[in-house]
Amino acid sequence: MSKAIRVWNEYRHEKTHKEVSDIYPDGLHEAIATYLREQPGLQVRTATLDEPQNGLPDSVLSETDVLIWWGHMAHADVAEETVDRLQKRVLEGMGLICLHSAHFSKIFRRLMGTTCNLKWREIGEKERIWVIEPGHPIAAGLGQYFELEHEEMYGERFDIPAPDTLVFVSWFAGGEIFRSGCCYYRGDGKVFYFRPGHETLPTYYDPNVRRAIANAVRWAAPVDGPKHTFGHHPQPIEDVKPWP
Amino acid sequence: MSKAIRVWNEYRHEKTHKEVSDIYPDGLHEAIATYLREQPGLQVRTATLDEPQNGLPDSVLSETDVLIWWGHMAHADVAEETVDRLQKRVLEGMGLICLHSAHFSKIFRRLMGTTCNLKWREIGEKERIWVIEPGHPIAAGLGQYFELEHEEMYGERFDIPAPDTLVFVSWFAGGEIFRSGCCYYRGDGKVFYFRPGHETLPTYYDPNVRRAIANAVRWAAPVDGPKHTFGHHPQPIEDVKPWP
Amino acid sequence: MSKAIRVWNEYRHEKTHKEVSDIYPDGLHEAIATYLREQPGLQVRTATLDEPQNGLPDSVLSETDVLIWWGHMAHADVAEETVDRLQKRVLEGMGLICLHSAHFSKIFRRLMGTTCNLKWREIGEKERIWVIEPGHPIAAGLGQYFELEHEEMYGERFDIPAPDTLVFVSWFAGGEIFRSGCCYYRGDGKVFYFRPGHETLPTYYDPNVRRAIANAVRWAAPVDGPKHTFGHHPQPIEDVKPWP
Amino acid sequence: MSKAIRVWNEYRHEKTHKEVSDIYPDGLHEAIATYLREQPGLQVRTATLDEPQNGLPDSVLSETDVLIWWGHMAHADVAEETVDRLQKRVLEGMGLICLHSAHFSKIFRRLMGTTCNLKWREIGEKERIWVIEPGHPIAAGLGQYFELEHEEMYGERFDIPAPDTLVFVSWFAGGEIFRSGCCYYRGDGKVFYFRPGHETLPTYYDPNVRRAIANAVRWAAPVDGPKHTFGHHPQPIEDVKPWP
């Protein structure tokens, strides 16, 4: 049974910054989607910010198993109404994978409840991503660590809730560390934050980054879990006399 | 060094429901505050919804170490602006203790990122609260469990993030269970959700409930932790040459 | 690619207690194995205590993806040497599912580091198992809760480390609650403790119990994660001058 | 009410390695104990491996609130019987702080259930310890990070259970990262693993290291939590008829 994946990109840098479009001529969503399309059992489409309803009408969301999110310069342009629907859909079971600068996306901050702030620096320093939880499915097929020769630095304190499972921690040449792969259960859904992916760098062509994203997609896919009932349940399951 | 505690109550039921004011003639905030005032090292004041700025201007928040929150029928009347300031203050280090129906308060839902929905039933059934993490300071002075002869039932699925530490789980006569004592680190602050306390019942006079709240106040108090810097840190700590 | 499952049973009660063999004439391992054999992608065998090397020579362990463990009256008869090899194999990636009275098995206690003690009572009372983390794969196909009309009671305090993910919590008619579905990452492996399954009751024919076990098998299966190197790494990855 | 602290040291390097005794002439336990003695509310004594019963007879353990442990070359010389008593006492509530090479101590491995293996390198490279959970009491009084100009490197994969709370993560000049401050609830007790402290380096004179240890002592001290009953509880709390 094929999983429906949607790769969302704000798709602005690519239109205005030649250094970005040189690397991602069809948008970085296509670089990610192209790789995922080669993986078995995934049906992959894309969506972008400037489409109607930010590319994510309910008709799309309701049939999406896992949504991948990349945004950076235009977080503010995502409609509150879109964020409301996204949050609702994640809590109903849709997986969400937030990449890199999506730490500051409205949907990630909404789901985390914290500022999601961090330190950053853009000098193209080396990042080494260490696997901390080797039995986790997101670590499948990876080595003890993998390196990105040039990346933007993100450093702690990363103002997030402690992840339910911490899979990756990054070392940066400039002296910082960062929790780079963070798994969360939220509602019936699952969220994965994955750090790498500055828009001026070919990070989304890196085979380890791609593998981690593909792994995360499978981990984040909905399970056929319980349908909850919430609210007033006046009738006890057991035989109990009302009081007084 | 005394901790500044503020017990906040929406204080509406007490004015309109005789069954509530019979039990809590000065408001349930006073029932809680009176007990806490007897504890060493706490300076305890109260605040209520209908005061200016919902009783919580910045001048109050900035000098509050731990805020206790009870709300039920008037969550919607808490100003968004108040919630913004509350969230900011928690993330800066203030402790927050959300009691009972505060599971649906704006500030708790904001900090959790989930619906915080649950099942409920009001037939005055028995609740038995089991201690799950006996080494946690919130369990100090308690037995293996304590009972509330009559309480409103709250049942799982409780739509919250898994707590960083789960201290209590409740058994209900009607057949449900509930995660009743939930600790969270959020930003530089700490949040404790504590289930008991329906307004028509004398729960806040119960010695175990009171002890748990007093324990939680001490646990949630700010520590003198690091002052973070966020944002652009163009200068690496280590000597790294910019690229390209 | 088929997963190699091994259902281990101490297989003593069935030989000596008619009430047990009446329910599980081929041993309770066969009741579990029979169901799992019907599931796609699983290759299921069994092993029992009184076979040579407790049925688990290295040749068996090395080709086992997930081991299911049921033991009760004969924990002490499992050789320390077997436990050493089991622990090693779990830490190398093998999944381990400990059922019911296996809370007191040597391997579970070894992996937990705690006493794994609990309360118990055998009056055949009702157990209601609530799903707490509905997005977890072990909850797939289940309802909000499922009931076992008659079970042995296990009650908190269950002296275990807090699970990495808590999936189930049980309600018992007699007044106790219990963390019934507990997921752990340990080494490169994964461990799931699942409470139900008293030997004198037909619990392992229950469709929900069976489904949970089958789900757990898939969750606990090894991933193709990193091969670690441990110990002395005299050569830094980065160019650093030794000191002094 | 004063807390009884016991600083345990295997105290071998100091007797045989001049480079160690030059730094810690009275043993590194004394360097730690001296600082702790200056802190209010702590009653601090020491114990060493070669004393009778490894310096930790039950009469000592039973009156110890928090035990600090440093060992390295002589882990094997700690009697199994001592480890049994230590484990029992931690599970009964005593705090345990394992320093540096105590990752390989029998008691730490016993309590973790894993190999506790790691990578190491001894070229005196720089370590920078980042605070990851700033609201935790162990972070009190520290900055965003602190540095140790020269330390032994410990690198991931650190084969431990994911800590209940991760407080520190280290950056090493040679390219590795490490979970350096790990909190665990185990039984009624609490365990803190703290990485720094190679015997040939003056790490235990560092004010940040000292502050972290003093903080950890207070965090790990026992709370007056519930006294459990385990085992057979034939009588249900609620009125339930035995079956069949």
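All chains are identified by letter, namely A, B, C and D, in their written order; residue positions are counted from 1 within each chain.
Here is the rule we go by: contacts are C-beta pairs under 8 Å (C-beta built on N, C-alpha and C of every residue); 3 or more make two chains touch, one makes a residue touch a chain.
Since the structure is predicted, the reported quantities are computational estimates derived from the model, not experimental observations.
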**Prompt:** Any idea whether A-C or A-D has more C-beta pairs in contact?
**Reply:** A-C
**Centroid-based (C-alpha) most distant chain relative to chain A** = D
**Message:** Roughly how far is chain A from chain C, centre to centre by C-alpha average, rounded to an integer in Å?
**Reply:** 32
**Message:** Centroid of chain C to centroid of chain D, CA atoms only: how many Å?
**Reply:** 30
**Fill in**
The distance between the C-alpha centres of chain A and chain D, rounded to whole Å, is 36
**Complete:** Residues of chain C that touch at least two other chains are 128, 131, 133-134, 144, 157, 162, 164-165, 173, 175-176, 185-187, 226, 228-229, 237-238
**Fill in**
Within their complex, chain B touches chain C through residues 128, 130-134, 144, 156-157, 162, 165-166, 169-172, 175-177, 179
**Fill in**
Listed in rising order, the residues of chain A that touch chain B in the complex are 87, 91, 110-115, 117-125, 150, 153, 155, 157, 159, 161-162, 164, 173-176, 184-187, 226, 228-238, 240-244
**Item:** chain D to chain B touching residues, read off their complex
**Value:** 93, 128, 131, 133-137, 139-144, 164-165, 173, 185-190, 222-229, 237-238
